[in-house]
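Below: a set of structures, written as structure tokens.
Next come two complexes, and both contain subunit A; in the first it sits with subunit B, in the second with subunit C.
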Partner chain A sequence: MVEYALLDAGMGGLVVILGGVAIVVFVILAAIILRFSIRAIKRELKKETEAEQLDTQVAKEEDIKAEQTDEEV
Partner chain B sequence: MKKFRDNKTGIEYFIVHACVETICFYLLRLHYPLLLAGTIAFTYDFFAFLPQGIIGKFIESHKKLPYETIGNLLMLGAIFLVASPVHALHITGYVVLGIGNAIMHECGAIATVTESRGKIFQSALFVSGGGVGIVIGQTMGIAQAPWQWLIIPAVLSEVCALAARKSVRKGTYPTFDVVEKKFSPWTILLVAFLVTAVRSYLGYAIPISWNKELWQTILLFGIMGLGKALGGYFVDRIGAWKTAVFSTLAAIPFLIFGDKIMVVSVIGVFFFSMTMSITFAMCLSILKSSPGLAFGVTTAALFIGLVPAFFVRFGLLTNAILIVILSIACCVLLSKTLKK
Partner chain C sequence: MYILLYILVFPIALLAGTILLTLMVEFPIIYCTGITRNKKYIVAVNALTNVCLNVGIIIVLLFDMSAKQLKLERDICIWTLFAELTLIPVAEAVLYFMISKKSSIKVLLVTYAANFASFIFGLFVTGLLTNRGIYGISWFFSKLFGGFIW
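Up next, the complex of A and B:
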């Protein structure tokens, strides 16, 4: 009886330890994945903003050029 | 014929998605009676849903690798690992299965957006294929069909994915514009994330005690798939705002009072599934040059929404209250952030 009780306690302890390790591994992996994902999103948004700024700048330059051409004419 | 040609990539990835889910749900059901079923499902979901964003980003920036074949080979490897008599290999098999699934999903998302011409229907069509695969896979798994049969969907998936391989690698994507400009990109992404996570959780909270027979399960998943595909169709036809508000509100009474009445419940599930493509379109409107990453945001949200279902189960009344409150909250968030 005592041996069985000890075995049960031992198995239970093993399950708790392995479960705990698994949870820690999942949390660390999730943190790494989320960090990389957020970094990728940040980079993507930065790229979008830069592209928009460039578009606006090009449009402005074209407007100025058109105005200059009109004045010359 | 023209409509078929216009949606060719969507149809190809509909088949790929169905094949992929057939393999996954067969393997998930194969060891279902075990004590470890919850752990297996959690492990698989973790690797299938969470890393899709970074996988998608990687695919977009390294176009030369044969991702479709890698994804299918991983799934094929997973079949052998999970079906092997060595128990220690099973969990590894589910990890490999999840990663293979994630790669195939990302290929589908990128390919269908590339060929979308600014419409969301093809992506919705691709997503709806999953329901077909879930039913086939679960049925085969429960019936303990020989695992060797899974070679058929694996080969079919490879053939269809290779047919659409150019679409994954084009690198130019049409523009989506379904969100209000006055909100910051992070706000829109957060709303899309929250709405998807809530929808994912509610998927488990919907009371469906009528679902007891196999044909009823087939009907339920069929309606779910139809709802997802038609959700995309309506977004293109009447706009994202109208589709989101109508489908979210219309679903509530049917979901609550459909616990024992199949027809009522099925109508609710149909409306409920229609919002699927809207959150993807929202992410696409922000992450314009990265459909893989945009799709990854929604799948990560799906996983986060699933997590509570592994640990807590509420009663019928609590679920009904949750459905009403969360659905209205989602409706408000979507109506504010989507363009009218």
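Up next, the complex of A and C:
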């Protein structure tokens, strides 16, 4: 609506400038959101991998303990 | 005041609004079907794909304006349909494969269903915002197919 009012008043240049600023604000916001989301995805994937490794390690340790107990028996 | 609204509300509403709306639809579907229980991951994946969709919309808008096209709405409809039915579900499914322990077919199907639901919801919201009410869906398809016919 603002742009039509400005065009009627013969200020087309201002419309271009405002539109440009709006696009720049959009691009900056998009870049911020993209950066944070990519970081979050990487962090969560890393956490998941670490948790899986920990699970595997715990399972191996339990196996070793069970074998030792069998040998003792 | 109106100028500030024009500069700030347009980008913030387009980005934050669409991400929130998508999360409202997709989050329960992904979470309840057990694809992943990682809330941060679901939010991050949806934010990532939504920003890509919106950047595409802005590129279409700028391209159409520079080419003095009068079929802006049709082109945005085509891009949205293409992105929502091919690019976004596939990208999201790939990201969910990395973290999910469910079968890949289930992940793909659920992601597709969630995205399709958010797409339909988005059509309703677009219809409401553009004063077309419940006719948002028919408006979308009339723009899409009408554009091809004309």
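Here, the second predicted complex is superposed on the first by the 63 of 73 C-alpha atoms of A that agree within 3 Å, B and C clash if a C-alpha of one lies under 4 Å from a C-alpha of the other, contacts with A are read in each partner's own complex, and residues count from 1 in each chain.
In this section, a contact is a pair of C-beta atoms (placed from the backbone, for glycine too) under 8 Å apart; a residue touches a chain by one contact, two chains touch by 3 or more.
Keep in mind the model is a prediction, meaning the values are calculated, not measured.
Asks: Can you tell me whether subunit B or subunit C touches more residues on subunit A?
Replies: Greater contact footprint in residues on subunit A: C.
Asks: According to the stated criteria, A:25 is in contact with first (subunit B), second (subunit C), both, or neither; which is it?
Replies: Only subunit C is touched by A:25; subunit B is not.
Asks: Taking the superposition on A as described, I'd like to know which of subunit B and subunit C A:16 touches: first, second, both or neither.
Replies: neither
Asks: Identify the partner contact of A:54: answer first if only subunit B is touched, second if only subunit C is, both if each is, neither if none is.
Replies: neither
Asks: I'd like to know which partner A:64 touches here: subunit B for first, subunit C for second, both or neither.
Replies: A:64 contacts neither subunit B nor subunit C.
Asks: Intersection of subunit A residues contacting subunit B with those contacting subunit C?
Replies: In subunit A, positions 22, 26, 29-30, 33-34, 36-37, 40-41, 44-45, 48 sit in both the subunit B and subunit C interfaces.
Asks: Would you tell me which residues of subunit B are touching subunit A in their complex?
Replies: 39, 46, 50-51, 53-54, 57, 185-186, 189, 286-290, 293, 296-297, 300
Asks: Which residues of subunit C touch subunit A in the complex?
Replies: 2-3, 5-8, 10-12, 14-15, 19, 38, 40-41, 43-45, 47-48, 51, 54-55, 58, 62, 95, 98-99
Asks: For subunit A, which residues count as touching subunit C in their complex?
Replies: Answer in residue numbers: 2-3, 18, 21-23, 25-27, 29-30, 33-34, 36-38, 40-41, 44-45, 48.
Asks: Residues of subunit A touching subunit B in their complex?
Replies: 22, 26, 29-30, 33-34, 36-37, 40-41, 44-45, 47-48
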